[in-house]
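As structure tokens, here come the structures.
Look at the two complexes coming up: chain A is in both, with chain B in one and chain C in the other.
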Partner chain A sequence: MMSPALFLLALITLVPFFSIIWMSFNDVSLMGGLAFEFSGLDNWQRVFTDPDIRSSWLISLVYFLATVGLEMVIGTVMALLVYSLTRGSNIIISLLLIPMFIAPVIVGLLGRFMLDPSHGLYAWLLNETGLFDGNILGSVGSAMVAVILMDVWEWTPLVALIVLAGLASVPEDTLEAAEMDGAKYGQKLLYIILPSISNILLVALLIRAMDAIRFFAIIFITTNGGPADSTKIIPIRLYDIAFRFFDLGYAAAVGITMLVFSIMVATAFTKLLKRQETSS
Partner chain B sequence: MTQFKRRDILKGMGGLAGLSLMGAGPLRTALAQGMASDEAWKQASGTTIQFISENTPPTTAIAANLASFQELTGITVNITEMQLGALVQKVALDFGAGRSAFDVIYADPYQVLAPYHRGLVDLNTFINDDQQPVVPKGIEDFIPTQLAAAGRFKDRESLYTLPYDCPTMIWIYRRDLFEKYHDQMQQDLGFDPTPSDSTTWEQYYQIAEWFSNGNASEVQYGTGHQAQQYDSLMCDFSNVLFAYGGDYFANGQQVGLLGTDSPGACQLTSEPAMEAARFYQKLLKVAHPGSTSWDWTGVANAFQNGEFAMMPEWHEFAGSLESSQLQGKIGYAPLPKGPARSANLWGGTGIGINANASAEKQKAAWLFLVWATSPQTQLMGLKSEVGGGTPTRQSVYAMPEVKAASTPPTDMPNMLTADTMLTAWQDEHIGLRPKIAQWNEVDTVIFTELSKMLAGQMSPEETMQSAKQRIDRIVGA
Partner chain C sequence: MKTSKRWLPLTFKIALLTLLLLWTLIPITWMVLSSFKPNDIITAGTPRVFFTPTLEHYTSLFSSGNSLWPYLLNSLFIAGVSTLIAVVLGCMAGFGLSRIRIKGKQHLAFWIISTRMAPIAAVIVPLYLLFRYLYLLDTHAGLIVAYLSFNLPFAIWLMTAFFDDLPLDLEEAAMIDGATKLQAFRYVVLPLMTPGLVTTAILCFIFAWNDYAFAQTFSGPSTQTIPIAAAQLLTQTGIDWGKLLAIGTIVVCPMAIAGLLVKRWLVQGLTLGAVK
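Coming up: the complex of A and B.
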């Protein structure tokens, strides 16, 4: 009964997938209709020898670790704080969730506006307080910090929401027993709460990691990969290769490496998740 | 099928009174007077064509006045406006698919015309066709450098587009401040600071430094630049590069005017180019620090906010600046000169016809091209309340009402730059970037390496060396 749907799903998934693999072994021309010229391993050789690609992967790694790490820590703390509230938690949750409902492009535009050195509120505040008097989006280092914080601002609530759902499953009786035994909050957190939600934390980590690998809109809007390529993560580089230079064969090869990286990260997290389930 | 002969067209040109009586309105009358018979304009009646354009002021004005074209021809035009980057993607994919989702294409000379000129119709097909309306005042009426730069590729035979818009970089400055502090600046700097033909980039730097030193309470800095790691940075730098006698490739003006498939080795390591890079780095050190995060819109907004006293900027921003609180306080001049010349980067574009479109749609598209680039439509654009660009035709600048609008007060603010523009478009003053198929990639190398220089990661010499190496690899030199 499900076979027509499965067939359709396979068709719309597998045909583009194999096309892209084939494309990565060709020089692709758009003029006069799509034309492929077999180029062997040329595109793949470029992927592994191009210093720009290497540099973009390194920047991506920094970006990936910073955003996912901060989101996990802050999101978990936020969830624990909300969970500890006895009143008004619904309103607080609603307010906390607002950023994740804003489109990333809008977050980028907002960031660009707020950080503009001539009229940006945040730029002015940082300048007045003496914390930073340079051009935030126009300086190497600060631009990276800015785009990381924009992503963290937008997606930390998602982590908080997931963790909050997990906290509901923490056994109340165990917590009460620990309290009766005189356990402090830190001990309860370390030995009861966190082990109870470790699976849900891994799920949150997996979701955010998958998103972070293909992060694009905010950087595209705010810095376009600059200054000095300091925010040119791999999806921005891929966009340039594919849709500005129309070097589609090479773009296909770069895209496939991103896919492989995503699969590796997902596999690692899934294995970790399974190990957790087995041990618990 | 109706056959139109040259005689019919001549009859049409003389048929002003008859057309007026048909009630098509003054625009239709004026167009018909200069072009052809009414039948020629109606030959594609009932056709619908798609026009894809960058979201520019001329297209905004055209969109607001499409009714007159539809009334004249019976053709429906659907306009899709978007940013240039997105437009290039759609057009490239349209060509790749061998389709004509868009019949009339806003063909940027560098990103569309150079790589995809084979996908555009040679307009001589229509120009030499007796059955088609003639281009009013002939194609000779277009500003010659713009006709070649926007419309041709490699030779002067084929013509792929008609010049449609013509943004060009000029020197925009706070005239009120230059007048107020004129004597003080002259005394401190030792030269007349008023922007003129003889002002040099070195003097521009000194003026910028003078303002940045806190000599004028109205502004914090002397100059602002569009130096974000983006196309705008290449544009900003190119003015200085050309002024210093440098260029991206040998025979640069020719490569810019007509374009080529094989530009040869990159020339950025020449001494004039190195000197230009050294100067540009020095200039940006006294510029508003926000410059490295601004594109052309960002720098215009900051200028409007009173952050600095002057900037190199696209002249079409005059329209929005003159409707801000700076109205009447702004001056315009060609960009300063370097050791070689004053160079004003041109960023114009033409409109062409998709060769994949059906014959019927191509005819309709040609009628639209003739109408959209006609002197009357360009005049209409100038008067439009929703904006409108700057004419690409010489005859429009000669019109008495346009001439009168070049001095304030005016209802055509873009015309306040007219005198400056007519100078900037002269062969010896216009700055043309290379028209090559690989331009997007070369452009990216240029602005990325320059961005590294401005971030202090590379010296000007290293920057030019690195850019040359990468560009040579891209163009296969």
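Coming up: the complex of A and C.
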């Protein structure tokens, strides 16, 4: 029963996988028909020496730490708040979840709409309150903050949803006992709640980690890496190399370095699943 | 009332929750609201909450020369077919994987999950070359294959997790009563899998419907999907915000409703079965 699916999956994943490896050792030209010219380790040497690639990885790292970090913290707070509600939690979590169903391209559209310097609602608010009066998506620094917050806006609900599921497993009687002994909220949080959802937090972290490097449509549609390359995370850089400069061999090498990252995340994820299986 | 649930001072809790709700809902509400505003009110220097609503953006989307219809049909067709293939094959493979005991199963599982996690930008590069070689650029089939590259592993993995939750006793009982393995699957297991199937299908559809990167690279004049329509309007000089916000509303609303319909199984789906 599994063979049709596995055969198809092998076809559509292994062929591209071996292609990308082969491409990374070639100079691939599209002009006047497809042409491969073996170039040895040239592309690979560039991957490790190109300052543009290095700066893109650095921007990716900042973007990654900021988005995933904020999403974890805000998402956990969101979940704790909803969990503590005695009624109405169902409708409130439903409302809070909406952003994660929105296509990233529409999130980008919304970002540009809300931040438009001449009529955006948020731009207007920031201007009126005197907090910021420049072109948010057009200035270095503020553009990065904006694209980070757009990602946080979209994906925090996912973290909240996962953490909320985990909170159901917090031992109720332990909490009550702690309360009888006069434990403060902070103590309960630190010593009972957080330890018992640590596995769930790890799941949320890994899920976000893998998607953080998968998607790039928000930045694509808002700043496309600008201004002055300040938001050019590695997938955007790769897309530029491949489809603006048509340097597909080089793009393939960059792509493989990204694949290595996602394989590491996948390894951690399957390890975690195994640990859950043996512990339950 | 459970005492252990009262953790924080009530006012603080309400204030924080209100803030989070506003942060989440203002952009969506503003988009939907503004899609009913005439363009001069949308682009006015000061935001306006009260106005005479108009349907002009929606009607012009479906009547003008560059109608949204083809984009909408492409989106529905491509997302629909890729979902159907992913769910049918994923369901079969998931049942098999969940029941089989073979050596190296974890390697198989790892391969499946890592194909799902592969960065889209990295997948696009070899697929572009292969599609060019096979004349699949600007075809529906090409985009369906591209979406299967993430939806098929997703469906296999998730259905396996759903089947894992189903006790073996049921099918065993049916087989003792004389049913074949296939009959047990068809008449005992499958009806119990409805939530799993629906959740998998809805999530696959949302992933495909929401994709931008693949569509941007592989589609052409005859296969462009709705996100592409939005992106095209967005890159023009002199953006027609009314039209764009109407498209945004059309893209978002059905998916939000569909997603919330399976809210009960969402955690399991979006964590690939890691959280129940």
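Convention: the second predicted complex is superposed on the first by the 253 of 280 C-alpha atoms of A that agree within 3 Å, B and C clash if a C-alpha of one lies under 4 Å from a C-alpha of the other, contacts with A are read in each partner's own complex, and residues count from 1 in each chain.
Methods note: contacts are C-beta pairs under 8 Å (C-beta built on N, C-alpha and C of every residue); 3 or more make two chains touch, one makes a residue touch a chain.
Keep in mind that what you see is a predicted model, and the values were worked out from it rather than measured.
Applying the stated contact rule after C-alpha superposition, one finds that A:Tyr191 touches neither chain B nor chain C.
By the touch criterion defined above, A:Ala5 lies against chain C but remains apart from chain B after alignment on the C-alpha atoms of chain A.
The wider contact with chain A, measured as residues touched, comes from C rather than the other of chain B and chain C.
Of the two partner chains placed by the overlay, neither chain B nor chain C lies in contact with A:Phe38.
In the superposition on chain A, contact of A:Gly166 is made with chain C only, not with chain B. Contacts of A:Phe245 after superposition: chain B is touched, whereas chain C is not reached. In the superposition on chain A, A:Pro117 makes contact with chain B only, while chain C stays out of contact range.
By the document's definition of touching, of the two partners only chain B reaches A:Ala228; chain C does not. When both complexes are overlaid on chain A, the residue A:Asn135 reaches chain B alone and has no touch with chain C. 30, 34, 118-119, 243 are the residues of chain A that lie in the contact sets of both chain B and chain C, per the superposition on chain A. On chain A, the positions that touch chain C within their shared complex are 1-2, 4-6, 8-9, 12-13, 15-17, 19-20, 23, 28, 30, 34, 74, 77-78, 80-86, 92-106, 108-110, 112-114, 118-119, 121, 124, 153, 157-158, 161-162, 164-166, 172, 175-176, 179, 185, 188, 200, 203-204, 207, 210, 213-217, 220-221, 234-236, 238-239, 242-243, 248, 251-252, 254-256, 258-259, 261-263, 265-267, 269-270, 272-274, 276.
In the complex of the two chains, the chain A residues touching chain B come out as 30-34, 115-119, 134-140, 143, 223-230, 240, 243-247. Every residue of chain B that touches chain A in the complex is listed here, in rising order: 85, 88-89, 92-93, 95-98, 115-116, 118-119, 227-230, 288-294, 298, 301-302, 305, 307, 438, 440-441, 444, 448, 451-452, 454-455, 457. Chain C contributes residues 1-8, 13, 16-17, 20-21, 23-28, 30-31, 34, 42-47, 89-90, 92-93, 95-97, 100, 106, 108-110, 112-115, 117-130, 132-133, 145, 148-149, 152-153, 156, 206, 209-213, 216-217, 227, 230-231, 234, 241, 244-245, 248, 251-252, 255-256, 258-260, 263, 266-267, 270-272, 274-276 to its touches with chain A in the complex.
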